[in-house]
Structure formats: C-alpha cells, structure tokens
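The letters A, B and C name the chains in turn, as written, and every chain counts its residues from 1.
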Amino acid sequence: MKVVPGPAGYIPTPPAFEGVELPPPGKALLYGEIVDEEVAMREAAKALLTRRNPTIFPGPLVLWGWNASAMEKAKAVLELAMEIPNCRIIPMPDYRPKYPKIDPEAEINPNHPNLTILHNKIEVCIFVGVHCHYANLSLRMIRAGTNCFTIALCGEMGHEDAMVSLRDVHAEEIRRFKDVVVQVREELGIKWEPKLPPENPSLPKENWETLSVLDYGEYSYLLIPRKGEYVPESE
Amino acid sequence: MGLEYVRISPGFEKYMPKDYVDLVQYGPFGRQVDVQQLGQFKELVEEHPMCAGCFMAYFIRIFYAALPNPEDTIVIGTAGCARLALSQAAVPFIYGNYGDTNAVASGLKRALTIRFPDKVKDVVVIAGDGGLIDIGFGMTMHSWFRKEKFTTIMVDNEVYGNTGGQESGMSPKGVQLKMAPKGKQFDKINAVELAKVAGCVYVAKLAPTNPKRIARTIRRAILAARHFGPTFIHAYTSCNIEYSIPTDKVLEDARKREKQDFAFYEWMTDEVKEYFEEIEKQSQEVKV
Amino acid sequence: MPEQRVVDTDYLLLEAPRERKFITGAQAMAEAVKRANVDIAIAYPITPQSEVMHLVGDLWAQGYLKDYYRAEEEYGAMSAIAGAVRGGARAFSATSGPGLLRGLEAIASWPGHRIPAVLGVLTRVVNAPLSIQPDNIEIAYLLNCGMVVLHAENQQDVFDFTLAGFVISEKVDVYIPVAVCTEGFFVTHAKGYVSMTPEDMKLPPRDPYKAPVPPTDCEIPPARIQRDAPVQKSNFMSYLIHAVWQQEVWSSNIRAMKYIYKYLGGPIEVVNPDAEVFIVASGCAAAQGREAVRYAQMEGLNVGLVKVKSIRPFPEKEIREVLKKAKAVIVPEHNIVGWLAKEVKATIPDNEKVIGGPRVYGGMTLPVELIMEKIYDAFGIKKEKKVVV
C-alpha cells in the first residue's frame, strides 16, 4: 500500500493492516516503503519547500524541559524551524481532549487534529516529540480527512501513517535533517534568511503583573461589585 | 523531579498557548496557595462542561486549590459527572472502567512506591456514590481492608447523575428517581461508618459550604494518607438538575443539609491526630 | 535477596545456555516470572492457576519480585494490574475459566489503555455447570479484545512464551498485553522437560519512558495528561477518534508478529511440510497431533502437523502457504465451539477440506485414536472396529 497524502476517505485503512512494516534501524519510510534515510529526508525537504503553510507540531516531549536531552531537542527543532521558509510552529502541549474547543491557530490536539490542519490550510507538517500512540492517531486522522503531507520525526521506531517517517530521531538527527533542508533549498533556488517563526497568537499583549482593576477606569465596577451590591446573574 | 516536567523548554515560551504559559508562571506548582486566593492565581482546572449550579464543580475547584503537592499528585476517577471536570485539570487523571477506581489506585500507588520510594506521590480517588459504593463496593472496601495508602473522596450527589438520574445506594429513602418509580426502598448507606470499620485512618463528612474547611479537610486527608493508611472524605455535592434545586438556591440547600445529616464530622486515629497537631503547630510557627 | 544479574534481552532469550529440569507447567510459568525482573504480581485464587500464583508469591517472599498481594476478585486484580502498569511497573497475573470472564471487562480494556503485561491463562471449564477440569473455550472470549494470544503446547512452551511475553509486550511498536494460554491440569499439573536459562540472569527492568504512551507518574510531560479520556465525537473530538484508536490497537497486534518470529521461532511449527493430510492444532491438542503423526507415519501414511503457537496475531499467510496442497485438514480441539477450526476455515480459500474435529471438552482427554479415525477417513481407509464383549 502506498501511503500518500489524502483525503483517504470516510474511514482510513491502517497501513499496518495492508502489510506496511516499520523500518529497521538506519532506514526510513517513504510512502510506506523502506528506503535510505537520505532519500526520505530529501523528499520531506522538497515537500516542506514546495507545499503551502509548512508547520512544525512539537509535542510534549520537546515542549516541556523535563530533562537535558529534551531541551537539546527543543533547541534543534527551533534551528530547523528557522531554515524552513514561512514556517509556523503550532504546539501540541498535551493529549487530553480540551473542552470546549481548542484554538486551532494556537495549538493542535490529537483528538481532533483536523481542526488545526483545515483551519490553517496546512499542506505539509512535521510531528516531533509526540508519543507514538498519539502521533499514530493524529497521522491517520490527518490522512483520512485532509491533503496534508505528514513527516514524522520519531524518537522510537517510526510511523506507517506518515508519508515520510524517520526513526531514532534525537537532536543530532534533527540537525542533519535541517542540513538536508538547507541543501535542497539551495538546489531549488529559494532564497530565505533564517528567521524564527511568528509567536503563538494566543499569547496576551498585556502584562498581567502590572495590570490592575483601576486600568479599566469607569468600567472597573463591572469587575468588582460596589459594596452591598448583589449581582444575581452574570454572563 | 516533579517540577521539571512543568517547565517549558527554553525558546518555546512564545510558542506555547496562553493557558500553558499562565499555568507555569502563575500556577500553584511548587508553592502553597490558599483557597481564599482563588482568582489570584492560575487554577489547575480549566473550562469544563458541568451544569450551571453543579455543586460538584465548585467542590472540585476547591479541591485543586487545596492540593499540597499538585505537581506530584495523580487523580483517579471513573464514569460519572466528576470526571468531566477532573479531566480538564492540569493534574494527571486516570479513567478506567466503571467502579474500579480503588483497585487501580491500589496498583498505581504500589507501583509508585516501588519506583519512587523516597518521593511524595499522592494518589487521590474522586468518584461518585455509584462508582464507590454500588458497583465499586468490593474494590473500595478491600482497598481499605488492605490499608492501601491513598485518599478516596466521594462526591455524593445521591443519584446516578451522568446516566440521567437513577437511584443510587446513597439516595435517601423514599425519594422518587428513575429506576425507583415508587420511591427508594432502603435507607441511605452509611459510608462513613463503613470506612471506619474497614480501616480508614482519617474519615470526614462534610457539606462543602466553607471553603477554608473544605481545603483543610482535603489537605489533612492527603497528608494522612502519605504515612498512615487509607483516608476517606464523604462530601455532599448536590445534583441540582435531578433534585430540581434552582441554581441560586444550591448553597442554601447545602447549608440546610449541613444542619441535618451532613453536619461536619471528622474522625481519625490517635496516630494521625498527633501527626496533624505536630505539622499544624509547625506551620503556625512558620507563620509567626 | 537472591543474586541475579541483568543481561541483554536478546542474549537471555536466544543465546543463554540452558539447563534441563523436569517440572510442572505451573512451575515453568513461575520460573519464567523469576527470570523476567517482574515488579508486581497480583493474585486471586481459582483452580488451576492458583498454583502459578502460589509459586509467584513465594518468589516475592524470596525477593525476586518487589510487590505481591492477593486481590479481592479478578476484576479488582486486573484493574490493579492496569493501575500498576500505568505507574511504570512490570506486572504479571494469571487466571482461569470463570475468573477470566469475571475480569474480562478490565482485560479487554488493557489493549486500548496500551498496558504491557503478561497474563497467564490456565484454561478450565467455563460455567455452567461448574467443573475445574480442562477446556479451552475461554480462549474464544479473548480473541476479539486485541491482545496478543499465545497457546502453549507443553511445559517448555509455557516457559518460553511467558519469558518472551514480557519482552514482546514492552516493545514500543507493540505495547499491548500478551496472554499465555495453556491447558489447566494437562500442562499445569503434569511434569515435562523444560530447558531453562540460568537462574541468576534476569531481563533488564522495564523502562516506562521508552513507550508509545507516557506513564502516569508525574515525572514526564505532558502535565495535563489524561492518557485515555472518554472520546466520543463532539465539537472537540473527531468522529474518527475512537476508530483510529481501535485501529492502533490492532495494528500493534499485527506488529507483534515480527517479534514472534524473532523470539519464538515463528507463529507456526510444521512437521512434514509435504504431507497430504495435515493436522492443525494448538495447545495440548498439538501434542496429541504429534503422536498421531508418529502413528500415521508408522503405518506409512503421509500426515503432517501444523502447530499454531500464536492465535493472535493469527498467521494467515503462513497457514495458507502450508495448507495449499493439502487434501484434508484435521483440527482437533479441546472445546465445543471449535474456535481454531473457525480461524482456519476463514483463512484458507478451499475450506471444505477442513474437518472440524475431533473435539473433546468438559475435561475429557484427547486420545490419539480419535485423531487416527479422522486420518483414516481422510485417506479413505476402512478400519474394522473391534468390539470386545
């Protein structure tokens, strides 16, 4: 079975059911076939440079600095992000379903990855630092419902549902991938000055440590009732 | 460790969504917050789909503000209404099959004790009356008989709320609910006495009307469970939907029940009593 | 504390020197647990698996396991296993017949929770009416929950499958529980020769951070973790979420096959691949099948055996290949529904040649003569039945 960008249909067939196997150490998966890492990296780089709205989805294993190697990997991901033209970073900070709905421009969640992909019209994305189970769920849902090209930089054995899946990826391999991206970028003649992606749109513009009720002027009584006043209903 | 896993990787602070940045900066991890300060720090619970007027939702908010070590606490829940709010909090939450909370907690606490014998890892079960005393009865009682060291909190709304309002073992006698069209035929089960007989070292019963008292009871239950044995809190958290209590009368109803069968009651073994006196004296000294 | 040293997994399972002992199946399972560096085992009595858990309890008292207790019932035991494995420990339990069914709600939810554990299933009659004697109909109930199901023929298999079970279930691309099934009493209480790895070597401890899901121990992000929330389609969950989760469980089941090749020598064992008539069997029935092949070859009949070791993942490709040229396929079993015959019939295209029998159940033994009868039928040989009056 060739694992190509979707939409695959109402309910996708898992590639594992159709005989796609995970690559052995030293190899990678490209469209469901086992190939050399270089070949897969080049294909991935080409997709990143030619498809619209390339986005990196870092997962909890990279976003949270729970040990030194996670922080190193985080640094490597930022270096990679700087080299991809017009790249965005949309984090996957956790796996639980968030009520009532995530802000699709601020995050992606494995219970509904389509929201983010379709809202931002993402056509190529990288998953890095996401636990394998949730990565598999997300990749399969994305392949079912969108035409996004997925690249999985897996720290363990890889993912059959991604178009490109590399295995045993740590900080060093991310930097190697970054070098391949730079190389392919030069070959395609795309000019790009390394620049960090724009920050998360949900971050507030005010500084809450110095903000006070008095800043609201006459509207402060909407936040704190007057003495003796009883507010029966609030919005 | 414990705190390291709620620290954002350097460089990613401006890529994380707002609620996580707030959680790390203004949240209660690594410090003691007072329940009276609610509104001045980032709470662990986020938006949840509980009904307007759900007393359980209020209790759960206070619970999360009262945790002594939220960065090393694991909450276990089961089917019911509480899990709707518990799953939206920044504390790991386990949801298994219905009624197995105390069995899962037994296994989890033992595994954590094997792996981290010198660290504090609090395991708290928050489940409803159906999950703990009806379907989970055997597992609940036996986890207490075995003296497993974790806290069980029963959020008692006297009905199976999440499935539409069926009678539960903890419903008062005579009340008419679904599956009891002629009224409940037997008395409300006395969970607190069962807990005492089964071997809990600290048992409390309360109607959550006083935030400071709720916070102190929860804190005591969790601290006692760290060293002495199972602890149990029976909290009256009404279901305003199934018992048709108007939203603005929910607190009044709780106060009324407090005067009737939910008067504040606390029981502990002598060991636990001495322990509390010691630590509460220490914290008074720190304050002074 | 016994002296044991950690050795490499592949070395222990594939290369370590082995010593032969004459022990029961229950002892074999406990010996495997002794070498598997298990953290916690949770027991509940039910014949015939109690023997296994008694011995595992003794291992705990000697210091091979770090924790052990008797639970209040199988559902409680299995839920506690789920809790302990979520906390990062390596866990083991065993059950039989009605006990399996009592705990099935928890056991069936393990694969979806991604719980790597080993469950010993020492089969016995399922009520009603009650009997404690061997009958493996309970395996039919396990086939659809998603876990890896291995069926051991004899005491040696029990040892090998249990030890390998811990390794297979903890592989990152598998991470679902493994059930090691065998017949109660016929295997558990009978002695056989088992070649075992040295007692002073054990598997490396479980690393819960090398996993496709985070353990719930407050040491690894994400902080807000509900690893397996209730998911039903809504405005914040895709309509596909439960479906892809189930697909992930079954994909993991399929991925286990390569490790079954690596550590158990493959999902099937074939004796006499050029046979005209094949006996396809698993568990004890395979042992009787082997005897039948021997008898048949003494009489000059070209009969072969396909012993099925792995029921889930079921070796469809391998069985189709082996049975391609067979004239008849005999499937002896120790249960009334014939779950193995159903699997074989569903796998091969020309399944009229599958003879669903002989079957014995309710504790009956499977005499080789019963299988020989079916073999003679398949070859069209008429044997006179001598009745002694």
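Simple rule for what comes next: a contact is a pair of C-beta atoms (placed from the backbone, for glycine too) under 8 Å apart; a residue touches a chain by one contact, two chains touch by 3 or more.
Values in this document were obtained by computation on a predicted structure and should not be read as measured data.
Fewest steps needed to get from subunit A to subunit C, stepping only to touching chains, is 1.
The greatest centre-to-centre gap from subunit A, using C-alpha centroids, is found for C.
In terms of C-beta pairs in contact, B-C outnumbers the other of B-C and A-B.
As a whole-number value, the distance joining the C-alpha centres of subunit B and subunit C reads 40 Å. For the pair subunit A and subunit B, the distance between mean C-alpha positions equals 35 Å. Residues of subunit B in contact with two or more other chains: 1, 5-6, 87, 93.
Under the contact definition stated at the top, the residues of subunit C that touch 2 or more other chains are 219-221, 223-227, 229. Multi-chain contact residues, meaning those touching two or more other chains, occur in subunit A at positions 63-64, 66, 93, 96-100. Those residues of subunit B that touch subunit A in the shared complex are 1, 4-12, 14-21, 26, 46-49, 84, 87-88, 93, 248.
Residues 114, 172-173, 175, 210-214, 219-227, 229, 231, 235-238, 240-241, 243-245, 247-248, 250-251, 254-255, 258 of subunit C touch subunit A in their complex. Interface residues of subunit A facing subunit B in the complex, by the touch rule stated above, are 58, 62-67, 70-71, 74-75, 78, 89, 91, 93, 96-100, 103, 106-107, 197, 199-200, 202-204, 208, 232.
The touching residues of subunit C, counted against subunit B in their complex, run 39-40, 42, 66-67, 69, 71-73, 75-77, 79-89, 91, 105-106, 109, 113, 216-221, 223-230. In the complex of the two chains, the subunit B residues touching subunit C come out as 1-2, 5-6, 23, 71-74, 76, 79, 83, 87, 89-97, 100, 103-116, 121, 138-139, 141-142, 146.
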